[in-house]
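Listed below are the structures to be examined.
In the two complexes that follow, chain A is the common piece, with chain B as its partner first and chain C second.
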Partner chain A sequence: MSESTVRYSQRGGARAMKGFLRQFLSYGGAQVGLVCLVFFLVVAPIPNILVGPLQTAINATGDFLAPPSGEHLLGTDEVGRDVLNLVVHGARISLTIALLATVISLIVGTTVGITAGYYGGRVDVWLMRLTDFFFVMPSFVLALVITPVVLEVMGRGGEILGFRPSPFVILVVIGLTSWAFVARIVRSQTLSLKERTFIDRARVAGSSNFSIMVRHILPNLVPQIAANGALVVAGAIYVETSLSFLGLGDPLQPSWGTLLSLAQRAGAASAGAWWYLGAPGVCVLTVSLSFVLIGNALDDTFNPRRRVIP
Partner chain B sequence: MPDTADILRLESLQVHFPIQGGLFDHVLGRPAGAVRAVDGIDLNIGRGEIVALVGESGSGKTTVGRVITKLAQPTGGRMLFEGRDMTSVQGSSALRPYRHRVQMIFQDAYQALNPRHTVFDVVAEPLRSLRLVGNASQLTERVSEALASAGLNPPGDFFARFPHELSGGQRQRVVIAGALAVRPGLIVADEPVSMLDVSIRAQILQVLVALRDKHNMALLFITHDLPLAWLIADKIAVLYLGKLVEIGSADDITFNPRHPYTVALRNATPQVGANAGRAELRGLQGEVPSAARVPKGCRFHPRCPLAFDRCKQEEPPAIEVGPQHMSACWLAA
Partner chain C sequence: MNGGGTSRHIGRIIIRAIVTLLMVAILNFILFRVIPGDPAKLLLGGARTSVTAEQIEAQRQNWGLNRPLFPDQLVDYLSATVRGDLGYSFKFRGRHVADLILERLPATIILVGIAQLTAIVIGVMVGIYAGWRRGGTLDNLATGSSLLLYSTPSFWMAMILVVIFSTSLGWFPGYGAYSPGAITGFLGSFLDYLRHLTLPVTAVALGLIGQYVVVARAAMSDVVTEDYMVTARAKGLTGGQMLMRHAFRNAMLPVVTLITLNLGYVVAGAITVEAVFAWPGIGGLTVEALNARDYPVLQGIFLLLGASIVVANLVADLAYGLLDPRVRQ
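So, the complex of A and B:
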């Protein structure tokens, strides 16, 4: 491509981007969601700088189940660890698992959905059967099935991509159970896109099926994928929390769900230690709500017609 | 005439779409039947010839165009391109040489353009996927040349535009540029001006005629508008319910029509605007029958003012009524 082409298309792209952002940011939900999200995304990568290394029963600094004070802003847990320290470290684990699982499910879901919708026929039938299987598969059951396999492969002390076995299982389980949702949406969009005349034109222009899927259909799916991707993250955070709460978490890499589970087992509720349950609980709620708000705002931005109907 | 004198030959071409039968039909073992969109047509297009395919809505014009451009598969008959049988060739790589020679222009240019592709992408797409250019500067050159031939000047100003940043006429010019970029031998144009303002139509038609004059491209011009067909075409083929009822030179069909349907078409006053194809034909009773229930005998007999007994029983063959002039009507026998 010539120099002028490149320059021109950047200008066109920048203009489209600006219009999109103006529209997106005009939604109150999007603003609230973005502010919360940016806060957590800034905090999550640097827990050691903010609150020091992750505390354990050995290097715990406080009393047992002490309420919030100047020294421990969010109180302490049943072995004297600082809850703020735990929650900030938990942010990193929770967000990493949720975002990575979402990436897995978007890639798998989009690939399956486009292929099924575009080829139709028998390919569609079989891929959709597979999708429905994973759609109804309860994540907890899948986790129970996968855990022994992963433990066998990596051993109890091993790590994959920096994850210990339990968080890794949770990551895989969420990825495997949430792609079906994406695949269904992508498939139904593909079904209507492939009937459009520009697909016929692409075929007459000699484009292969692969290039039609990648260059013509995929770019038109970006809005749906982005909007639903945000909802998938929200779902992933919930599932991560519940799986950890049910005891699948790893105390050495505690997520918010793991903290809730520990608090529950320590009898935080009956002991009146609201800070111990409340801190991770509020974090889970805030982050998933942010993603839902952002997802809905994205959806409204991309589908202007939906805005008219309340 | 030797095979290679014509760029394209359709022989008894047939496209039947199966009708999905209801549950009842299935249980009772009733055959579900078919929509006979194209029901056995013979048509030749010469090199550099402009042929108009004329017919009412639902007569099967688009389906013929889609078969020729390999977007639909015929259920019967043959299609020969430059003497080679293309009827059953399928798959994007096997079709590459054919795509290089046969291109298409669509009725609704807005629908025919991917909203997320720039004008440059659109025109470059066939050049890239058919591997017709070696490097980027060659590509830019070919794209510019095509845009200029389609009347978009200066071409560089349009490279980065998206479809929604163009006028209707400009969009159709982009589609035309994409089709002519590969320098094809035949372009199928499916109602290319029916969605455009009357003021722009003449310019677009000029672009199409210039292609033939300069590059000897053949053109299959699909339209429901007989006067327009006369204006642009050398030869006119009149389609009724999936069958060609009359073929002849543009002048013969317009001034000396021999088939009662062509006569009715000529007498119809086309309305200006997109609905013209659905205009009532003066002197014709009734609606166009559905292609799923083609009348027995001459398929035009329920609406023909001149129908007689034989028409209800036997289907008339194509009968030569003059030099290069055929009519499928018992009255011509």
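So, the complex of A and C:
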């Protein structure tokens, strides 16, 4: 009996997956977003193969602020570094920060949301009060004051898990301050899920609260978490870029935001060096737009009510 | 609907706002105690100044730093904050943080206010029209470009505006709020100020327009499928009458809420844009404070941003209740 149930649900799962993919890929936005994203995800892990090691003022190869040419496709910066080289290396750093921050944010948001929704009562009240705070206060504003203080405490030298301290702190702070939206959605879904009969069945069968939350409720939350995860990435890229632009990034591990900050300090805008500030900006725009498009398409796919309205 | 329910609702909203503000202040307190170094020395102008042991001891007494952190010091800190005493700046030696912030606030309010007005007028009009004529050419154009604007960091937009309209075309200045010297007279300097305002306002407004278009369009899309719109058509109203009398008013509710909420967030959003133009407002002060590790100023700014966000949320909640009586139940 239980075996046939399992097999049935697997077949159903495969069919649902196929239906989901067909629906998801029917959105033009999802296609554009996926293509752009795959491009960046292919480029980001292998910057050394594509453009050689990250250039510094010492091994820079070009003139100062030279416009794009055959040798330097995206021109050079104020110390003669190749902008293409910087941008490709920036992809690795920006995407790593954004994705890891999102992972932290999803873990915290899901944990808080499930716990609050499942246990209810006083736990719910206090967790939601905490969530309200992070919901109201934008990640950017919190990170703006927390990041410099934490960096002051830790010092700016050395490396943590392969990161310089400042990108590391930025990603952790973004992750820990941008989970409120996810928590709210997960909580409201949990509230309705826990009333379903299959949860009662699991409880009667002797499952612990933890096991019910992880094995029965969590799998049903995946659609919502995925759709919001895409939007969290877009938000994380925005916050990271803004913080780095204000000078909180690390020039030794330059993200796109750090490059824009360097361009601003070098007076690239007033020197008319559009290639220097254009390249990282277009990358930020493309990636965050891709995640927004994918997030919207996921939302439309999972939420059939939205499909009715064109 | 009874009066008691309404006042209880309002009371709950106000208490939530106060709790959030309190948490902002407590976070500030904790962060300031976490920074390495003697707080008394920090309060006297940063770790790099040389002060005598007597001065430090006096400061200790003065600030009650010998007493326990909780609750004594926290209560002192909170009551000082409520009185508007935010401590002294490190960078601008001996100046009150509150004075520094108040000095810079007008420039930010002018920038952000004009940008908001521009974005509201353009964004809401375009969004309402796009939602009214869903699937039309203008709708597709507006939806696509507002998504693009929404994903563009506004400070990058600002840099691009400088390259095009300041460096290449030379139409508008791309730095500061005044031309140095040369211009005299009230009218002359006023026009000069406006010319300096143009690009920063455009950059901030473009970021907001995208949001307003999206929300106004979505609100309109929800409204046009309502039963009362069918009734309105059945009564023989023209499209224009339906739009103005029925659709517009109902669609305004979420738009007004978003606008009110944005009043709180837009100061923070303008920080990076101000940094691009070296605009002498809160954003410029933030960059200076970050570069100089001027923590008291940074915390004052955090408090200001937090307060404006909380107040805007409070007003939005109250306005929502006023505009839509169903919420109060």
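Simple rule for what comes next: the second predicted complex is superposed on the first by the 273 of 310 C-alpha atoms of A that agree within 3 Å, B and C clash if a C-alpha of one lies under 4 Å from a C-alpha of the other, contacts with A are read in each partner's own complex, and residues count from 1 in each chain.
Simple rule for what comes next: contacts are C-beta pairs under 8 Å (C-beta built on N, C-alpha and C of every residue); 3 or more make two chains touch, one makes a residue touch a chain.
Bear in mind that the values here come from a model prediction, so they are computed numbers and not experimental data.
Enquirer: Which partner does A:His216 reach: the first (chain B), the second (chain C), both, or neither?
Expert: Once the two structures are laid over each other on A, A:His216 reaches chain B alone.
Enquirer: On the superposed three-chain arrangement, identify whether chain B or chain C touches more chain A residues.
Expert: Of the two chains, more chain A residues are contacted by C.
Enquirer: Scan A:Phe245 for contacts with chain B and chain C and give back first, second, both or neither.
Expert: In the superposition, A:Phe245 contacts chain C only.
Enquirer: In the overlaid three-chain picture, which partner chain does A:Thr197 touch, first (chain B) or second (chain C), both, or neither?
Expert: first
Enquirer: One more residue to check, A:Ser207. First (chain B), second (chain C), both or neither?
Expert: first
Enquirer: Who does A:Arg265 touch here: chain B (first), chain C (second), both, or neither?
Expert: Once the two structures are laid over each other on A, A:Arg265 reaches no partner at all.
Enquirer: Name the contact category of A:Phe140: first (chain B only), second (chain C only), both, or neither.
Expert: second
Enquirer: With the two complexes superposed on chain A, say which partner A:Lys18 touches: chain B (first), chain C (second), both, or neither.
Expert: Touch partners of A:Lys18: none, neither chain B nor chain C.
Enquirer: Can you list the residues of chain A that touch chain B in one structure and chain C in the other?
Expert: none
Enquirer: Report the residues of chain C in contact with chain A in the complex, numbered from low to high.
Expert: 16, 19-20, 23-24, 27-28, 31, 34-36, 134-135, 147-148, 150-153, 155-156, 159-160, 162-163, 166-168, 174-175, 221, 225, 265, 268, 271-272, 275-276, 286-287, 290-291, 293, 295, 298-299, 301-302, 305-306, 309-310, 313
Enquirer: Under the stated contact criterion, what part of chain A meets chain C in this complex?
Expert: 129, 132-133, 136-138, 140-142, 144-146, 148-149, 152-153, 234, 238, 241-242, 245-248, 260, 263-264, 268-272, 274, 277-278, 281, 284-285, 288-289, 292-293, 309-310
Enquirer: Using the touch definition from the top, list the residues of chain B that touch chain A in their complex.
Expert: 66, 69-71, 92-93, 95-96, 99-100, 102-104, 106, 108, 111-118, 120, 125-126, 129-130, 136-137, 139-140, 156, 159-162, 175, 178-179
Enquirer: In the complex of these two chains, what residues of chain A are touching chain B?
Expert: Going by the criterion above, the answer is residues 1-2, 4-5, 8-9, 11-12, 16, 196-198, 200-209, 211, 215-216, 219-220.
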